[in-house]
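Structure incoming, see below.
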Amino acid sequence: MSMKNVLQAVHDALDEEMARDERVILLGQDVGVRGGVFRASDGLLARYGERRVIDTPLSESAIIGVAIGASIGGYRPVAEIQFADFIWPAMDQIVSEAARMRYRSHGTWGCPLVIRTPYGAGIHGGLYHSQSIEATFAHVPGIKVVAPATPRDAKGLLKSAIRDPDPVLFLEHKRTYRLIREEVPDEDYTIPLGKAIVRRPGRDLTILTYGMMVHESLKAAEAVAADGIEVEVVDLRTLSPLDKPAILESVERTHKVVIVHEDSLTGGFGGEIAAIIASEAFDTLDGPIMRVAAPDAPAAPFNDRLEEAYLPSAPKIEQAIRQLAAY
Amino acid sequence: MVSTRQSSDALLDRIGLHPNTLVELYRYMLLSRALDVRAWALSRQGRARFVITSRGHEAAQIGLAFALDRGRDWICPYYRDMALVLGIGMTAREIMLTIFAKATDLCSGGRQLPMHFSHPRWRIISGSSVVSTQILHAVGLALSAKLSGEDVVAVTCFGDGGSSKGDFHEGLNFAAVHRLPVIFFCENNGYAISVPQHKQMAIRDVASRAAGYGMPGVVVDGGDPIAVYQAVREARNRALAGDGPTLIEAKVARFTAHSSDDDDRLYRPREEVEAALANDPIPAFARRLKDLGFLDETTDRDLQASVVAEVDEAVAFAEAAPEPEVSDLLTHVFAEEGESP
Amino acid sequence: MSMKNVLQAVHDALDEEMARDERVILLGQDVGVRGGVFRASDGLLARYGERRVIDTPLSESAIIGVAIGASIGGYRPVAEIQFADFIWPAMDQIVSEAARMRYRSHGTWGCPLVIRTPYGAGIHGGLYHSQSIEATFAHVPGIKVVAPATPRDAKGLLKSAIRDPDPVLFLEHKRTYRLIREEVPDEDYTIPLGKAIVRRPGRDLTILTYGMMVHESLKAAEAVAADGIEVEVVDLRTLSPLDKPAILESVERTHKVVIVHEDSLTGGFGGEIAAIIASEAFDTLDGPIMRVAAPDAPAAPFNDRLEEAYLPSAPKIEQAIRQLAAY
Amino acid sequence: MVSTRQSSDALLDRIGLHPNTLVELYRYMLLSRALDVRAWALSRQGRARFVITSRGHEAAQIGLAFALDRGRDWICPYYRDMALVLGIGMTAREIMLTIFAKATDLCSGGRQLPMHFSHPRWRIISGSSVVSTQILHAVGLALSAKLSGEDVVAVTCFGDGGSSKGDFHEGLNFAAVHRLPVIFFCENNGYAISVPQHKQMAIRDVASRAAGYGMPGVVVDGGDPIAVYQAVREARNRALAGDGPTLIEAKVARFTAHSSDDDDRLYRPREEVEAALANDPIPAFARRLKDLGFLDETTDRDLQASVVAEVDEAVAFAEAAPEPEVSDLLTHVFAEEGESP
């Protein structure tokens, strides 16, 4: 075991997978000499060479489209989109191409590729270095969406993503990069895609969340525990495929649900989770399904005060918990 | 930019194609045409739901096909490439199965519109209907060839319309930077559905864009299969020598409406179509073969009859083939357990 | 009043708005000489000239990006994306640019533009001429999303969209184009964005839907009426902004909800609607919230049989109604 | 492609800029530099969160600004264009307000990162951080100018990196087809963050792409404001005459790291930076003005002092300005009732 932050965990996963499998290649802007703008690929150019660590032109559609071709050609590309906000120019290649190659060729061709991208706010990145993008892609059949919250998960899930036969969008919350640290096993391990984890057990109320909001939710749970409200915090880890059994199990135990995400409310992925519960666990519900999310503004503003006002946080979650617990 | 508009007859010797091969080229053109005509008729009869033709593009596509290492070079075609995929190795039966969207349709199991080609044996990569996306896949396949050292190239085809897309630009640029073994093959028929070339671009030749990426651009008469063959051979040799990509523009004519859903009388002067038909590359190539003494009338008639018979058989075979099962609807969204990528 | 289908209604709205306001211009592929592949702009080139009806190169990002610039320059562009499936190359210009121009410039600049696009399956268009795209855009703050079901609404809503100061995505279900006909007023009228309409009143159960599924839902409602089940069918018409009051009002009356959309289930817009109800009308619910939607396949396959299996339809809706009514 | 690398001194007369105007150009360059240096210092002190500099690009941007009809021509800049927007009309105070993200920041009310310029009075259109999207907005603005007949042009700036994007291609092509009055101004500093030009493109000059769209491409020494001024005047005249767009490439050097978040020692040889600094266009222009007798030492010193004073004042002013109210978070998502577009 070694103490690592999320960034180191991502780095180590890339490094180890490249060492393990020659077919793994990296491509993206500044991933080479600079080692990535967050330095997730620091040192990998030196270790694996220019053939496997490829600095690309400033062309997101090409990054994904070329990764698709290379994956069909036998490689295992890990494409980096420098910030999740810049993934939209590649939307067509992701949705129309990567996610459908297997379906449309009736299984003849597939795209074993990973798209890594830092997302999320809280680092004063302004409107275009802050977005959450998971809802859009979790709606696209044919691509998996992973959003780890901790170093251990980041490493184990990224390894699974790289070994997966299908395209995986791997969302790294950039606020967790340096903030969240924990002991990470030194030996090779993977964490399966599609499995949620209970971060904190509790009998009174379930919080369903992922990414940075796992940590805010845990803080909120801690705060209300003082008043005897026992909150269960479920970290979904993978949004697509979603761990429905884990969700329903927890709700059946606690009968109350708060869904928390940093993304803006309307049309966010929380809607899907709520719909599943309202359909499949309706009878067990003892109160309305609540959502804590950012408001319907385009993204987190740059100004500190506005950014704070925009972001869901422990106090806002705590308020929702107390309201629902009292229901 | 190099112009290859020159008499290719003089080149026949130099390029070293056996006369039998030339007749084979001719037969593929005939087969494609016969399939095309039949497919269109099927759509008019309501037996096929939707058809896009290669008519007018056959010479270019067959010249291209024969210049490749079939089954080893990667092919990222577009919907107008039926002649190409036939030339590469797909059969009339396989075409008809995809037209009728049957369970055994190798392209997509009946999921895609007809003419969205894919074939495991021939390294033909499934494309979407979204114009020009396939260009980037070819670049990625060329990257994989470069990395693995396999002596193959990737080829991608697209229309004049497709050259206006961002993916065209990003793909050519990426390939040039990395000197990848890829051939960009533009089939310029002067129209994107109804939009004529001068409303698509302010240049005469798409190939003139190549210089802006640092690669050679070649204009070739797409009505001349030999000229196309030769241009592609050169590009392929450059690619294999590590000298990077080439943009080839074949000037062709679209003989039909854009698709069976289109009516080109709405926007296209009849005289233009008639002039194109009068210049049909297929009879022109037959004449040339005859002049050269490689083809006689009897063989020609036999060939024409044989492709029609082949098409007849393919239609009968495909119409009788089973429909997909409803239970197939949700297969292959993701790899099944244990399936390798 | 004149009998019109949806396509004619769209055509007439364009024609009348162009006649009314010189700033209205059209741009898209084949919108000029050909009058659009569905002929929605038939004759408009002849009437308004090449300056106002612009055939563009095959460049979706340019169509939207140029429309953005022209809208700031004082025009009212109506951009056509030939099929909704081809909107993804323009995703960046829509999400990052059009939808945020006003917010990011703090109100200095705005984009009064309309993006019209035919969407939806049921016409054997295969994987790439069939998609539903509303969920993705209804999640984007700063752009409105309209999805009419009838000729009268199509015309009145398109006029409102063209007159709206903000970007509007106007979704025309291509199966309704020629199928759905009704009497449409000859005089100028508009229908406000953001208002749902009750298509059929009923006391037992509410169906919330839009687009082509309004008609399938009405059929299903008719079918169960024979057995005394009175279904209320609410046509949402606009998804963003959503008419929450109309939704809650109906649910408070019937206590049971089926949400119907043609788009695939997971992450579809039905999730948002369900979440709103599960949060704000929880107490009035007498049964689980049900959703009828396409399965999680990339899109409707071409083959007739597969397409039919994929699509939600009156019989499938009827089944859900009966199940919920019996709850 | 036309090269304008020539002694611009000889052109001084011909282009008809008054000596006072030349000194004004110089002052804007100084002001931009002073603001830049201060902004960087503020970021190092933790008083500014994030900064991107124009350092090394000032001569090109001020030459560009002065060639335009300021307040009438549409400007779609990118984040490296502080000197440009100053030259167009924005003030030091306005720059500092956006750096400090204050409520009265005209660019975005504190919502965007600094250097995301927008100004109602100067027709400077708000851009995102997404590289090259603004190119298409300029094309659309040029379309609106063409439709309305207003005798203005649209100008958009972007870097060498930005020329790899699909939007660059689609924008230049669209503008060329419609012969729109737009100037595409590429500030080529040889880097996209850490990626050097040869890994971005296999060509020497971005301007060489112009031919592939059917428009003139011009390479100009971005260290020479007069040369830039002249190239832009010519392009502007062509545009107004209805002869369509021009692609101008100004060769410049980036003096600093990409942004205050970057550390270019990771990827850039120090000698290269030092060589660039030794060729700083601002003192070079001062020397030229002095040689021409348009500027003396005293005036120069006064100018240098005056811009520093202006920056001091702007910092004080902006730091004291009010923060946005939290209640502002959700304004302007859509137009308010009755607000006109």
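Letters A, B, C and D mark the chains in the order given here, with residues in each chain numbered from 1 onward.
Here, a residue touches a chain if its C-beta (ideal position, glycine included) is under 8 Å from a C-beta of that chain, and two chains touch if they have at least 3 such contacts.
Worth saying up front: this structure is predicted, and the values here are computed from it rather than measured.
Q: Tell me which has more C-beta contacts between its two chains, A-D or A-B.
A: A-B
Q: Based on CA centres, what chain would you say lies at the far end from chain A?
A: B
Q: Please report how many Å separate the Cα centroid of chain B from that of chain D, as a whole number.
A: Here chain B and chain D have centroids separated by 45 Å.
Q: State, to the nearest whole Å, the distance from the C-alpha centre of chain A to the C-alpha centre of chain C.
A: About 30 Å separates the centre of chain A from that of chain C.
Q: From the mean C-alpha coordinate of chain A to that of chain D, what's the distance rounded to whole Å?
A: Once rounded, the distance between the two centres reads 37 Å.
Q: What is the distance, in whole Å, between the centres of chain A and chain B, each centre taken as the mean of its C-alpha atoms?
A: Between these chains, centre-to-centre, one finds 41 Å.
Q: Please output the residue numbers of chain B that touch at least 2 other chains, ranges allowed.
A: Within chain B, the residues that touch at least two other chains are 108, 111-112, 116, 128, 130, 164-167, 170, 173, 177, 199-201, 333.
Q: Of all residues in chain A, which are in touch with two or more distinct other chains?
A: Each of 56-57, 59, 61-62, 85, 88-89, 92, 96, 100, 103-104, 127-128, 141-142, 296-298 in chain A touches at least two other chains.
Q: Under the touch definition given earlier, write down the residues of chain A that touch chain D in their complex.
A: Where chain A meets chain D, its residues are 29-30, 32-35, 37, 55-59, 61-62, 85-86, 88-89, 124-129, 295-298, 301-306, 309-310.
Q: Which residues of chain A touch chain B once you look at their complex with the stated criterion?
A: 25, 51-52, 54, 56-57, 59, 61-62, 64-75, 77, 89, 92-93, 96-97, 100-112, 141-142, 144, 165-166
Q: Going by the contact rule set out above, which residues of chain B touch chain D in the complex?
A: Contact set of chain B toward chain D: 164-170, 173, 176-177, 179, 198-203, 208-215, 244.
Q: Could you list, by residue number, the parts of chain C that touch chain A in their complex?
A: Residue positions touching the partner: 61, 85, 88-89, 91-92, 95-96, 99-100, 103-104, 127-128, 135-136, 138-142, 240, 242, 259, 264, 266-275, 277-280, 282-283, 285, 287-291, 296-299.
Q: Once bound in the complex, which stretches of chain B touch chain C?
A: For this pair, the touching residues of chain B are 49-50, 101-102, 108, 110-114, 116, 128-132, 161-162, 164-167, 192-195, 199-201, 261-262, 266-267, 323-324, 326, 328-330, 333.
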